[in-house]
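Which chain is which? They are A, B, C and D, in the order written, and residues in each are numbered from 1.
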Amino acid sequence: MAFRPIANTRSVTGIPTGRLAIWWVIGSEIVIFGGLLMSYLMFRLAHDEWAAHAANTNTAIGAFNTLVLLTSSLTAVLGHKAAEEGNGPKAAKMLWLTCLGGATFACVKAYEWSTEIAHGFTLTTNSFWGFYYTAAGLHALHVIAGCIVMLIVANKARKGIDLHHVELIGLYWHFVDLVWIFLFPLLYIAK
Amino acid sequence: MAETIEMPEHGHDAHGDHHHEETFWSKYVFSCDHKMIAMQYMFTGMFMALIGGFFAYVFRTQLAFPGAEVMFWGLVTPGEYNSLVTNHGTIMIFWVAMPVLIAAFGNYLIPLMCGCDDMVFPRINRLSYQVFLLSAIVLIASFFVDGGGFGGAWTAYPPLSSQYEYSLTPLGSTLWVVAVALEFVAFLLGGINFVTTAMNSRAPGMRLYDIPIVVWFIVIASVLFMASVGPLIAGAVMLAFDQTLDTGFYDPNKGGDPILWQHLFWFFGHPEVYVVLLPAIGMCADVMTTFARKKLFAYRTVLYTAFGTGILSFTVWAHHQFIAGIDPRMANVFTVTTLLISVPIAEMCFVYIATLYKGSITLTTPMLWALSFIAEFLIGGVTGIFLGASGADVYFHDTYFVLAHFHYTFFPIAIIGVFMGVTYWYPKMFGTMMNDSLGKLHFWFTVIPFNLIFLPLFVLGAAGQHRRIYNYQHYPELATDELQALRVLATVALWVMLAAQFIFFYNFFSSLKNGKKAGNNPWKANSLEWVAPSPPGHGNFDEMPTVYRGPYEYSHPDRLKETGEDYWPQNVPS
Amino acid sequence: MSAEAHAHPNYVKVWAILVALLAVSVIGPEVGDATGIQAITLFTAFGIAIVKAYMVCKNFMHLNVEKRYIVYLLTTCLVFMLLFFAAAAPDVMKTEGTNWTKPLVLTAPPAHHGEDAGHGDSHGGADAGAH
Amino acid sequence: MIEWSLAQGSTFAGQIDGLINLIGWLVGFWFVLAQGVFFYLIIKHRAQPGVNAGYVTGDEEYPKKFIGWAHWGVLACDVVILVFAVQTWYDVKQDLPPAERTIRVIGQQWAWTFVHPGPDGKVDTADDIALVDELHLEEGVLYHYLLESRDVLHNFSVPVFRLKQDAIPGRTITGWFEPTITGEYSVQCAEICGIGHGIMGARVFLETEDQHVAFHEAHATNTPALQLAATSVGADR
């Protein structure tokens, strides 16, 4: 393992440094998605005709993806539990399951988007679709990035290294889940 | 996690050996050491400052002598002029003030002043600089692409910034947005490091009120940045989509709204002012107390004023948009908050002034910079009231009065603050002292011309001269000889000031070799960085310090009685 | 590490509740559209989203056992976003305000949803000031 | 202070200048006070050999009370400024006195189009007079302006009126002014609008009643203006 400064071993606040950092990451992510969703909300409330466009989104697929993400959150937190019990291999398994969820989510999204684009609903069709692709796309990027990091963490956890990283990536994953929990009604249900 | 917490504190001996076999690349380019990363940020920032200064030279010369051949540039076309002023602003704020004040000094000072050996995440720290460097390269590249650099002002208001047929800079504006977005990512990475390091890795015994003000302020600044930049990152993505993918987020003809960008931008843009102000004014506290041999006057008041300013700074942004088409009733709300924010800042200045009371002041170069910071910043502060008061802003908006006002805040921040920090911590950074008489010469030849540049601009602004015009001869009221004389005065002063900077660079580099050796603590200061050797080695401290008191215990009666010393380092047991 | 030594809730049970809520939030709007009662749609869509978010924060992210100021930090970020909405909506969301109108939007196809009225007043009620 | 270099050309110019002077005096007082104390302390407390600095934490009653006074003093001044600032803002921007005449101001890259009402005194009618970069106003008449933009942000700025207002594409912004003097003055675009921003100036001619009548006669039938005025909004769609 690379050189670890003493700084990283201290914990004056009583919160492990890694987790503290993740909280700050989540804080800054909240304002990024917040800015985007608030802008969307303003336009959505200003333009009732967007409801007609929103009607073209596939609620069933959205609901299925929500289910997938909720489940992956479950496996992530189970992985955290296993890690705290010092059970590296089990934690790794759980993280792999979580990645599987993330992958499923991404594939479903790809299918969903390709059908919508095929039906002529593209980024430029209307600002609703602009926000639809921008917000969901930004979220999907977070999902993919999370999966990549998670594979690395899982690989280490399997060997019992850096088990506390399991909790950190889990926290991030729950946040990604949270964002989707709000994206789902905003983009799919409200019609 | 738990097991790592009790890890014994001799980690740096363990790695002490492996920094001998460091190659040039691992030592200077891909180093994870916070001091080296600080240097990288500082020199990149100074290089960008040279570019920004050169741009200022070009367009000031054009304003003083319209249509004349500018040396090293040639004729300045309107398009070039817009691009020059735009990138001058962008560079000076995002690529000079931010990297040098927050990133460089934050990286250098936080671990040293908190008494730990490095940032908590050295590799994220390195990544932060690499992303920043990339952003700088992208920005510089944008000057040379087809159509030239982006010319829509640093605020980049759409539709001008979002549609090429309006801005006529097909690639420049996109690269500009990309560069700014990358730069934000870099500082988000850096900011997380600063905050967690200062929160979690302080030396044993260092309580919240034992932290030097400059560390406090850099941390508050990082928090402000992280909490305010998000909407603009989202906005930048939308802007880039509008530019490249022809979406309509800011295009009224496609159901968008240009005002949205203004809100997204200034929601970040105003806290940003305090993001760069706080580190500079925080350095002031350390420098002034050191050279006045005085305890900081009302440490907690200073801290609370900073908190107050930080919170309020999120509620004032629309005072940049009073006449930009926002609903007039909102302007009243923002006038109230804007005038309110003057109270904590004014109080902070008063407290700093009070710190000199009963002091024993030595006017070294860093002290001169610190004092001039307060003096000049007061001018910037009071002129802000004119602009914060909505009724007066109806006239002053987008005149040179605004320009002079924010240069009277940003110049103390980005130039005086940087020189203050460099001259004060130079002995610690490089182990040698800078030449004091050269430093003083450079000080006077920077500060006096600075006032000669911007005081005339207040007059020009009051006379109704509006901003971002490449040639005022088109406006009879503004083409009078008196006003033109003021423009020439400002420009000549700028030439003098820019020329004077070579004194600094000469002093900086010659002192590396010829400067006399500085001990660990040349200024007889209290805070922890002066305990470490100069320059500090890879682990910073020979043995990790423990803190017993606050950083400003100068001329403490007990200490004077016992030892006759008028300073009391934080790590010395009572 | 106090924060470490928390009891783990029954995660599967939490997950089951979340899925149940999800089902409601999908069916609810259908009912809302069928009965034409907008309130049902809005409540089931967003009310339940908030409940789900709360459960995830509490049980999965363990914010309930985390240090208080982390919660304050995250809520502050949210509050700033609401602040942003409150201050930007009178310009961006409204089609007319004091001494200004958006002719393009005013002449856009007529609205067929009542949400706007519901939200309109709470954000400054710019119409009141229109000349 | 503004009136020294610039005539007060509208009814509210004096009010704005008055506000600016008021702020000038108040902040000037605090500025001089602060700088005075600052330099006094620097000079008085220069280091002398063998003399140590005092130890003042800032919690002592004696020096701290001055900060307290300054704190409340600044707050009081802020409140005073606030009252007058909001009052001025209300009168100039928020309140809209009934118009005697209405003009339409259209900004585009990089020229101003001013649609004057014809003799019938109404805008958007057949006898409108549309001029580029030329605005003719009658002294003592309360005008409303309908401000629009064809492309990017512009800013309709008439320094002599102390008037500024951004023109936003997709919005029509209404404002008012009442000229109180005669003569020719400049109109600026005070919001960067592309490479032509520097030359996007216009002239405003403040005329007496007879001069204005003469102006109307000079520009009798002006049909292009009709289209221009009628399509000024529709053109964007």
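Convention: a contact is a pair of C-beta atoms (placed from the backbone, for glycine too) under 8 Å apart; a residue touches a chain by one contact, two chains touch by 3 or more.
Since we're looking at a predicted model, the values are computed, not measured.
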Shortest path length from chain A to chain C (each step joins two touching chains): 1
Highest C-beta pair count, chain pair: B-D
Chain B-chain C separation of Cα centroids, rounded to whole Å: 37
Centre-to-centre distance between chain D and chain A (centres being mean Cα positions), rounded to whole Å: 48
Rounded Å distance, chain B centre to chain D centre (Cα mean): 31
Inter-chain centre distance, chain C versus chain D - centres from mean C-alpha coordinates, in Å: 39
Multi-chain contact sites of chain D, meaning residues that touch two or more partners: 93-94, 170-171, 173, 236-237
Numbers and ranges of chain B residues touching at least 2 other chains: 1, 5, 227-228, 230-231, 252-253, 255, 257, 259-260, 267, 325, 328-329
Junction residues of chain C, two or more chains touched: 1, 4, 77, 80-81, 84, 88, 92, 94, 98-100, 102, 104-105, 108, 129
Touching pairs - complete list by chain label: A-B, A-C, B-C, B-D, C-D
Complex interface listing, chain C residues touching chain A: 1-4, 8, 11-12, 14-15, 18-19, 22, 25-26, 29, 33, 41-42, 44-46, 48-49, 52-53, 56-57, 59-61, 66-67, 70, 73-74, 77-78, 80-81, 84-85, 88-89, 92-95, 105, 108-109, 111-113, 115-116, 119-120
Chain B residues touching chain C - in the complex, by the definition given at the top: 1-2, 5, 227-228, 230-231, 252-253, 255, 257, 259-260, 263, 267, 314-315, 317-318, 325-330, 333-334
Chain C residues touching chain B - in the complex, by the definition given at the top: 1, 4, 76-77, 80-81, 83-84, 87-88, 90-92, 94, 97-100, 102, 104-105, 108, 124, 126, 129
Residue numbers on chain D that touch chain B, as the complex places them: 1-2, 5-6, 15-16, 19-20, 23-24, 26-28, 30-31, 34-35, 37-38, 41-42, 45-48, 51-59, 63-64, 66-67, 70-71, 74-75, 78, 81-82, 84-90, 92-94, 109, 151-153, 155, 157, 159, 162-171, 173, 185-186, 188-199, 201, 236-237
Residue ranges of chain A in contact with chain B within the complex: 2-13, 15-21, 24-25, 27-36, 38-39, 42-43, 47, 123-124, 126-127, 130-131, 134, 138, 164, 167
